[in-house]
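Presented sequentially are two complexes of chain A, the first with chain B as partner and the second with chain C.
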Partner chain A sequence: MAGLLLSPTEKVFIVHGVQEDYRSDGRSNIDYRPMELETDVVSHASGSARLRLANTDILVGVKTEIDVPSPENPDLGKIEFFVDCSANATPEFEGRGGEQLAIGISNLMQRAYHSSQAFNLKQLCIFESKQCWKLYVDILILECGGNLCDAVSLAVKAALFNTRIPFVKAALMDGGNVDLQLSDDPYDSKLLDVGSAPLQVTLCKIGDKCVVDPSAEEESCSVISVIVGITGNSSCFSEDNSSPDTGGKFTTIDMNGPGSVAPKTLKDAINQGRVAAKLLDKSLGEALLRERQESVKLKKYSYGFLK
Partner chain B sequence: MPLDYRRFNGPEDSVSYKRFTKDYLKSYDELYKELLDDNGVRKDGRALSEARSMCMFFARTDMVSQAKGSAYVELRKTKVVCSVFDPREIPHQNEFSQLGQIFCEVKFAPFSCPRRRRPHAPDAEEKALSVALRKALEPTVCRHLFPNYQVDVFIYILEHDGACLSAAINAAGLALADAAVPMYDIVTACSVAIVGDRLFVDPTEAEEHVATISPETNSNHGVITMSMLSELKQISDFTLIGSMDTECVNTAMDILEKECETLVPQIQKILVTNVVKSFEQRQRLEEEANDREQALNIKMEEWRKLLNAG
Partner chain C sequence: MPGPDLLSSQGLRLDGRRPNELRRIRCKLGVFAQPDGSAYLEQGNTKVLAAVYGPHQASKSKSLQDGVVVNCQYSMATFSTGERKNHPRGDRKSQEMSMHLRQALTAAIKTELYPRSQIDIYVEVLQADGGAYCASVNAATLALIDAGIPLRAYACACSASMAWRNGQPEPLLDVGHVEEAAGGVVLTVASLPSTGSIGLIEMSHRLHMDYFDVVLSRAMQGCKDIEVILDRAVREHLAEGWTKQDVVVI
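After this line comes the complex of A and B, so read on.
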């Protein structure tokens, strides 16, 4: 991380703290830092969210466009992720500096959303093998304070939850071409089913133990981190709590950093990640549902960026 | 994707003729059924848990004479060439880096894949494979021995029939050893494809394809690739794509760990034969040199005698 210099003694202090399950900011090894989340912040996007996790600031906007489905999967829509590392975050990202990191994160997101058990692309189908919705998920990293992957996955899920897709009024076959008529009314739209969308949890190996949600200082003490993507529980994201518990499956596991881990440590880490992801998913669902209710009652007060 | 205007870029919307064949229209269930025959044997005659490491594995070094070290790995129809070049100073870098770096590039031959033609420009999959390869190799190379230098590792996939990342890692490990780059351990890799409750060890392309399609039901599916330093019992890279539960990941990990270990003796054998061969060659060269010297000495003696007599 840019501009971060830690002396060996400071590193030892952090490592010892983790060993005792007591980190330098007072958290235990499986605690997240407080987060701020707000949806519907960008007026021109179909769905948007802004997440602030300590010093990490992420803005996600979802744009919907109409595309032709790929011949291999005529009944599926498309979703694409783009990450932009703004030079505001750190001077290192200036020019093409953040490119590698951006490609890494967008690849990881693409892989996490690959399975239909994570995100069902069938709901984006308009007319089989003719037309489908394409979601462009644009992720903007405004500030970089460690733990980017987790923050990005949370913000993306919130933005998708907030995304509205217009209803298709009529689809006329005109000489083999589809003619769509969409409603002008912005409220005449459907919401996406994103309950099972995956969350990513980064487990940073410090000493012998793994910590969740590492700060930038802690990240610099570790040579390897394991990133797990876990599918969400749909029942947490709908008002009726009747649907059964689902999710908790791994959609992606990846290792980041120059080090290596023992098989047992990896197994422990992915289990720890699964527990953390479940808790995170539950609280994200609660927060998003609460905000949706507020916006229905027109009580929502927009905070925007200047708070 | 920026276009390369120096090449003739074919029409972008051309499609493989295979789209119009019967094979293409097969449903998921049909594809799945085709992978195994009635006795539970795979199409190429392997059992489910049998890797191609035993009889269908072929590897050698010294493929590319220009490179410092090179290797060729063949897992039946998956064919991979790897070349490793001397350390050189890291280009376009201002800061001094304490550790040496490994630069990896994975490239598919345009004709390597059965489903579509590969473009010349590197696509997202190739970039992802390059990153995975670098992550797999980084923990095994003693990078502190060449600070501020980088070693280039180039992988060219000639034919792709599944498990190309693990073949690439195996080839790169062999080529690095061949190039005498100092390493902590031999790196080996293996992959497994998961379809429902079946685990296809060392999958072919068809098996990988079925495993990446999401089934209608909520069953497990996906592909896992793992690379290991077997002697040190360390996992250097782990890549999972798909959707599966914890139990499935754990069983797959155990299987992959075992498979990675079985590959080690084969790699060792190739490296040892190399050493023996080069040793023999040196001996032979020395003997030949001795012979020549003796012949020269004899001639010298004859001339000297002639001179003295004259």
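After this line comes the complex of A and C, so read on.
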């Protein structure tokens, strides 16, 4: 963060706090700041979510398209991530200014969702080797207040949870063509199984310890951060708790920043990230299920940006 | 003339509005903390976010001796339209929109107050359902006010189209996507209603000169109506007494 000046004593205060697992704003090392999340905010998209974490504002829209599966994976659908850094966030993003950051985040997301244990692409198959759904996950960064990767992964999971895919009847016709029949009823659709979708947790190394969701002050005390992508727990995202625990598997590990870490610290950081991701995943599941209940009972009030 | 189907025999439009009725406008100033000014505006199902940075020092190549450089960027989210867009900005339509935005907003800003400076106005369309340009101008005006930049007057934009009812011409106010797609004339006006002057006028398709005046005056009336709504929003926002910038984060 530019324009933030801390004296050496202030930095020492922050570093000592982190050692004692008690941070300058009262959080522990694995606590996140409060977030605001709302799904179903864009009516032109099949699924959407808006997340605000401190000063970071993310809007995600999911659009669906019918595509031909790739020859090497004939029974899998496709998912594509696109990040757009809006110039609303900072004038540096004007024109093509935000492209580098955008490509970095979209590649990270693509890698995290690549594993079949993270997101089951079989549910997007319509007719093997002929037709499948392609999901376009479009991420719009409206304001940058730090901790982008975590916020993006949370918003993406929420948007996918909210996504509805229409039921399609497929039949093989003469000549190998596929005949698709789409229902006219927009409610004749299925929801995606996204329980195991990964969450990214950024761990910022301060002293020998790591913290999640650093504030701007804490970020300026740290030289390196480790980003881990950890699969979620399906049972947190369905009303019946019968589904098995799929959580806690790593799909990506990434490092960011000019410094370096000792192997011991890295191992501690990864384990800490796993604990944080589990808690985060559980509360995300609770919030999303609560919102779905409200929208089923028609009690949901749509806030959008007017709040 | 396409048009008899734009108005029902009862004189109602495809979405149930009367010919001189605006879509519902809801807006909010100061939605973001980082920009100097920001605003969100919904006009029916068209949703727009605007952010203003500045005035700040202009880069040497752009800088003007006698006024401020107004820099606009119009971009549409990839999921904003029915069909997915591949590029949020940089295509011909967005560049044209950016130019039109600059035209309309420069007319409103007191440019002579800030020589050698620059004001950046960024507009992001989150959902497009017709009249995205009009909503962008209205949102940008609110963002400029939120940023505290002196304006001559509110810059408001409104579109109008033309239909026939019982053989009489009946201009339609605030054209939606369905009416736009029906292929009639669309006249877009950005004006400063309190001074009565027009900052930008743009028309697509053809219109007989005899009917130009009625359509234009309907669009101008729309701008006046929008000004009342924007003015009320600004007053309410100021009466609330604080914006997100003023909240001190410890």
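Before moving on, here are some points about what is shown:
Everything that follows uses one rule, which is that the second predicted complex is superposed on the first by the 288 of 307 C-alpha atoms of A that agree within 3 Å, B and C clash if a C-alpha of one lies under 4 Å from a C-alpha of the other, contacts with A are read in each partner's own complex, and residues count from 1 in each chain.
By definition in this document, contacts are C-beta pairs under 8 Å (C-beta built on N, C-alpha and C of every residue); 3 or more make two chains touch, one makes a residue touch a chain.
Here the structure is a predicted model, which means the values were calculated and not measured.
By the touch criterion defined above, A:142 lies against chain C but remains apart from chain B after alignment on the C-alpha atoms of chain A.
In the superposition on chain A, A:4 makes contact with neither chain B nor chain C.
When both complexes are overlaid on chain A, the residue A:87 reaches chain C alone and has no touch with chain B. Looking at the shared chain after the overlay, A:173 reaches neither chain B nor chain C. Using the contact criterion defined above for the overlaid structures, shared-chain residue A:43 touches chain C, although it does not reach chain B. When the shared chain is aligned, no partner comes close enough to touch A:68: not chain B, not chain C. Under the contact criterion defined above, no residue of chain A touches both chain B in one complex and chain C in the other. Residues of chain B touching chain A in their complex: 15, 19, 99, 124, 127-128, 131, 135, 138-139, 143, 212, 214, 218, 220-222, 224, 229, 232-246, 249-250, 253, 257. Residues of chain C touching chain A in their complex: 26, 28, 31-35, 38, 40, 42, 45, 47, 49-51, 53, 71, 73, 75, 77-82, 84, 88-90, 120, 122, 124, 126-128, 250.
Every residue of chain A that touches chain B in the complex is listed here, in rising order: 71, 103-104, 107, 110-111, 114-118, 226, 231, 246, 248-256, 258-263, 266-267, 270-271, 274. Contact residues on chain A toward chain C in their complex (touch as defined above): 25, 42-45, 48, 55, 57, 59, 61-63, 65, 82, 84, 86-91, 94-96, 136, 138, 140, 142-145, 304-306.
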